Amino acid sequence: MNLTLILPITIPMLTAILTMLLLKSRRAQRAVSMLGALALFVASLWLLADVWRNGIQAEQMGNWPAPYGVTLVADLFGAIMVLLAGIIGLAVAMYSLVSIDPEREAFGYHSLYHFLLMGVCGAFLTGDLFNLYVWFEVMLMASFVLMALGGERGQMEGAIKYVTLNLLSSALFLSALGLLYAMAGTLNMADLAAKFSSITAAQPHGLVTTLAMLFLVAFGIKAAVFPLFFWLPASYHTPPAAVSALFAGLLTKVGVYALIRVFTLIFVQDVGYTHTLILVIAGLTMVTGVLGAVAQNEFRRVLSFHIVSQIGYMIMGLGLFTPYALAGSVFYIAHHIIVKTNLFLVSGIVERLGGTPELKKLGGLYQSQPSLALLFLVPAMSLAGLPPLSGFFAKLSLVRAGLEVGQYTIVAVSLGVGLLTLFSMIKLWNEAFWKPVPEVVGNNSETAANLRAWLIPIAFLASITIIIGGIAGQTFALALLAGEQLMNPALYIQAVLGGAP
Amino acid sequence: MNSLIMKTTARFLMPFLLLFSVFLFVRGHNEPGGGFTGGLVAAAAFALYSIAFGSREARRVLRVEPRHLIGVGLLAALSSGVVALINGQVFLTGLWGYIRLPGLGRVETGTPALFDLGVYLVVMGVTLAFIFNLEEAE
Amino acid sequence: MEIILAFVIGGLFAASIYMLLRRSLVKLLIGLALLSHATNLLIFTAAKLTRGNPPVIGADATALTPPFADPLPQALILTAIVISFGVMAFALALAYRVYRSVGTDDLDQMRGTDV
Amino acid sequence: MAIALAVFSGFGVALAAPVLSRRLNNAAGWVLALLPAALTLYFVSLLPLAAAEQPAAFSSSWAPELGLFLSFRADGLGLLFALLISGIGTLVIVYASGYLKGNPNIGRFYAWLLTFMAAMLGVALADNALLLFVFWELTSLSSFILIGFEHERESARAAALQALLVTGAGGLALLAGLLLLGLAGGTLELSTLLGQGDTLRASPYYVPALILILLGAFTKSAQFPFHFWLPNAMEAPTPVSAYLHSATMVKAGIYLLARLSPALGGTNLWMYAVGGIGASTMLAGGYLALTQTDLKRLLAYSTVSALGMLTLLIGLGSQLALKAAVVLLLAHGLYKGALFLVAGALDHETGTRDIRQLGGLFPKMRLTALAAGLAALSMAGLPPLFGFISKELTYEAALEYGPWLTAAVVAAGLSFVFVAGIVGIGPFWGRKTETPRSPHEAPPSMWLGALTLAGLSLLIGLFPATVSGLLVSPAFSAAVGQTTSVELALWHGVNPAFILSVITVLAGGGLYVVRGPLRSGLSRLAWSRGPAFLYERSLDGLNALARGQTRILQNGYLRHYLFSILLATTGLAGFTLLTKGGLYWPSAVTDVRFYELALGVLILGAAFAATISWSRLGAVAALGAAGYGVALIYLLFGAPDLAMTQFMIESLTVILFVLAFYHLPHFAQLTPRRSRLRDLLVALLAGGLMTSLVLSAVGVQLFPSISDYFVENALPLAHGRNIVNVILVDFRGIDTLGEITVLGIAATGVFALLKLRMSRRKTGDEK
């Protein structure tokens, strides 16, 4: 029996159920929610330590042997993702306590929050394709409700697009799944990998490659790549900052995770076709995303579009398809989750202080809030890839991986997009922090003293991005191991199905 | 929809439907049925009642809040997995045993049955929550 | 029969997508409902059909006698049906709230968060 | 270890600077200056080691897999730079304490200035290319913050952004170039790379790596056509201009060129690219300096010119040229730093930097005038100042390359003399003019730096041997890649270089005399469509492109988003299906019975009816009919559980639809016929794709299903006869756990959407 694999699912589930039953008592809910987030964080650390020390961990749910039952499995990549979910879960839970209004709490905010974490962790840990669909749905359903919770007009307009497009993605996923089962007779990912590798390595099977395309689109929608990303910029800036931050950090990354998982494990028979396509998509995603960000004039909208752009980087490593490149992807994802969540958390304070999300009406925060300014600058510069913060190493590893295999176009694109990222981060800085306070100030802006507690999770995440950079040797070594595991599916297959490597 | 026929039908059908739902649930492991259909039928019983008499009346008859049904159901399903953990088994491992029920004698049952009960409660609670809330929307 | 159903599935997808592309939110909901029918039927059909013979072991038997229908896709579809039921109910409530706060069901009027 | 500490100490002290500044008030500058002063002494103590070719070094790993090591090496070139950085840094911090006296943000200023200093030391002393890059980028960032110090002015913000973008773009090129260099040489350790010049030059990566690295160096060192950010950076407070934008940061590019010249130099490409750009920059900067009236911009342009001259010399690459470059580097740092400090003092005391408003200040500001005069003499290249030695060497180096190059260098020299006159003589002599503030001598903190630097110019000029052995020779050796010693002398006799010097001074003096008419004449020729214009245009273009693209892509129409997704799906999957040979025709399929066919037709008909129905209830009824039809299919093909569930759920869904539609508006025909046709086409395409996929998947079974296991073990191991139910609650129980969770969440969502009313006052967090 191995508890480490199941705890990241059961802890948030129990927390969510308890907060659901305790809906009437705000204090009890908040206490349970915080405890649950903390427990998840600890459990996720434990999981990573376990995988780090003992290699890929697998557990057959219900004690039914793979490939018949559902296997939970954590390789380093999965464990890293769970840890990130734990970190974000903790930071945003803290932030939620101070920033979410009692009305939303009374209607199940905390419960939804932990259900979402449950879905996310489940998706990272499952070794079964249909089970992945289920976790996707858990996560999506929770995110639908969190997105719409509150019923503001903007939320509604965003939610309708978010919901529709994600449902289309789910339908595609499910269809692809059904077709895949029809062909391969199994749903276990390791089993699929083993079967496909045995017959189609020499000559790729056309229908398998076609199904790969369906998965590419289905996961691509969730990951928000070009030209499937539209739901994201339409909706991510509409809910409360805590929700945006949680989404920005975790949701699209589950799509990226799924893409990386299936395109390293299952669909690797026609790499020249599929992965080149992924590389093209990566480049287009970077460019359209960053241009979208440049065109925005509101704090969170800029950030939202940047998510799209950065998804491109994460996919780039997959497209390059070397251990080093995948390590770059893993590193980039980790870095991005921390930094992006942090920026959204900052945006919440900025919008509170300024009383508006519009950059034109913001200003003066460098003078009035030097510590907030510094806490913005750290993740912003990290996002732009400035050394010695985590983003630099993420970009460095991808660029290096691209140069090593001679993919100069994507390297050039990624570097150019990095510059534009810097440009729009500076735009935020110039407008919200450096520019003097405009004449007309929103009348519902709050005083800074009330927001002291908001800075704690922000500082927590900012210190992580600094630490990741500071110990880049260790963190990248970990990512490199994860990348090597990803490029060597035999390890995964063996951990799940047993047998000789 | 406040017709007399409707009300009479609902009042008449409700116990049968509930009984039927329990029947479906109990036999589900061996024959078509199970927590899903059972829960749905149970919910349909209250739904019918609610359409006939209004959601307020139906909520009164139900006595528990649908949200609590959901919570308890989820807890039941989760705990059926945790029982295995406590016994040193993998999560959700089925544990079987016999219990003596008055009138039925020795009945084989196990944690999957608890799990299915959870499903039953959740499906019922959820469906009722849908119906009640939509009905109450102004 | 698989061939016939393949066309039925295609038709269901087409009908659903056509409805999703309408400007009216209400029609979009119909489209979503059709989408789940299409998907479920797709899984069912792709896994091949067996007439009659459900995967239930008779009370006096100890094993199934072939031919019988593949139980696994059925379990998957059942899960999918129930999930899409929940999703559908949520979508209906969402539509209600959207209409309440935006005041129209014309999706073209809901562009405020993009532009 | 000590050397790494020396670099990082600046970051540490920077953190403490704001607090210290609040505690110590005006004394803070003097206290903080102790750090760079101590560093200066430390670096001096390392000079003998460097001169003995046994430079102090330190190495530790940071991210070895990425090729990033924490390695430092203090050879002659590095120390020359480090001394400029720490030495001028000491004076500038003291200077800043006077210049920014009373400024509430002076603590932050110190912090960023020290951050910059540490980063710059890192650039000079790093022995790992990536480590150098890390510090390089940090100098860009701190420069950005410092240029924008007076951030409430829009011009300052724009200048800061411009500097960051230009140097940032170069930085990215540099990163790629260094990585390619690493690929070519198999290591990123500079000291190793420098020994493999021949391998590197023969590598296929040589040309791209060189071009990319040069882009990095040129943008940083404000080479033409990237020079425009530097004059604009004069928005920064003067201590910053003196420190970053004249003495140190802009020389980082020069440093990099000098550092890499043993590895990358010596080819024609190097000579023409580096030399050519350097010469253009030298001439453009020199020319543009003639037209300026703002003291700082004038100095900035002449700095551009000097940077060009340095680049040119490094590009030429001869021993003499490199020697001249090293000497010019030092000489320029001393006199230009001093002149900037003088300019700041003038600005501070008189309230203006317009050279037409400054004059006759000598009686009021004697010490400043003295510093200005000495520095100007050095800049003009007059003996016995250090500038003279530098200029002689430069001319000698140029003479090797023929008359054209010599003429160009002399032309730049003319501009130097001219600028020296304007800054060193103009404000202090001649007629006393009215200035916004009534001037008096600057406080000691503000003349001390200028006087020290100017004094050093004189001292070294008189006794060049003080620097030639310990400082110039090791630096020169590092730049040429071999051990050489340099003898510097003030007097070389009457040689061609000397004659050129005399000509330069005379002609430059002449230009100074006619400065008024010259300026107005030249400004009529002013070139408004230069690179700066191009920068503005491309920024505008970028914004327009971004807006245009986003307007098209993210247009807010859900339909368009769906379109894009559907077309991507059908396009990708359809194309793959056709080109990769994925199409199959089902072989083994069940036969068709009439009632089944009828059922199929019924489902299709119901779906069709749902799409064309004019009434909501009609559509819902049709939807229900389709659902029941599907349930019947399940029932017919051995899935009673599915049929039952589908039947129940369909009924409940219909009820929910009816309940919801009660609150929703009627159907409306909103789209014109043409778009309906287009939608139909897309829908049919997607439907067709699904049909062909199902047909193909039915036709291809690659492996048998795992289902047999469930059939065999359901009864003996899982104690159930209904295998579907056993799968749901046991074999794949965790699926079901997730599934009921989804339901629970959906119920919460329905509840919240229908019942939650936000109170209006709490809208701060939402849009």
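Residue numbering begins at 1 within each chain, and the chains themselves are lettered A, B, C and D in the order written.
Convention: a residue touches a chain if its C-beta (ideal position, glycine included) is under 8 Å from a C-beta of that chain, and two chains touch if they have at least 3 such contacts.
Because the structure is a prediction, the values reported are computed rather than measured.
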item	value
Chain with minimal offset from the mean of all protein Cα atoms	A
Result of counting contacting C-beta pairs for A-B and C-D, higher pair	C-D
Chain C-chain D separation of Cα centroids, rounded to whole Å	50
Inter-chain centre distance, chain A versus chain B - centres from mean C-alpha coordinates, in Å	36
Mean-CA-position distance for chain C and chain A (Å)	28
Rounded Å distance between chain A and chain D, as computed from the means of their C-alpha atoms	26
Sites on chain C at which at least two other chains make contact	20, 25, 28, 38, 42, 44, 46-48, 54, 56-57, 59, 72, 76, 78-79, 82-83, 86-87, 89-90, 92-97, 100, 107, 110-114
Chain B residues counted as touching two or more neighbouring chains	30-32, 36, 67, 70-71, 74, 78, 81, 91-92, 94, 123, 126, 130, 133-134, 137
Residues of chain D whose C-beta touches two or more other chains	551, 554, 556, 558, 562, 640-641, 645, 649, 652, 656, 659-660, 663, 690, 694, 697-698, 701, 705-707, 710, 721-722, 728, 730-737, 739-751, 753-755, 767
Category of the chain touch graph - line, ring, star, complete, other	complete
Touch list for chain D against partner chain A, complex	61-68, 108, 130, 133-134, 137-138, 141, 144, 148, 151-152, 154, 157, 161, 164-165, 168-169, 172-173, 175-176, 179-180, 183, 542-543, 545-547, 549-551, 553-554, 556, 558, 560-562, 564-565, 568-569, 572-573, 576-577, 580-584, 690, 693-694, 696-698, 700-707, 709-710, 730-735, 737-739, 741-742, 744-746, 748-749, 751-753, 755-759, 762-767
Chain A contact footprint on chain C (complex, rising order)	20, 25, 28, 32, 35-36, 38-39, 42-44, 46-48, 72-73, 76, 79-80, 83, 86-87, 90-91, 94-95, 97-98, 100-102, 107, 110-114
Sites on chain C touched by chain B in the complex	54, 56-57, 59, 78, 82, 86, 89, 92-93, 96
Touching residues (chain side chain B, partner chain D) in the complex	28-37, 40-41, 43-44, 47, 51, 66-67, 70-71, 73-74, 77-78, 80-81, 91-92, 94, 96, 108, 110, 112-113, 115-116, 118-119, 122-123, 125-127, 129-131, 133-137
Interfacial residue positions of chain B with respect to chain A in the complex	67-68, 70-72, 74-75, 78, 81-82, 84-85, 88-94
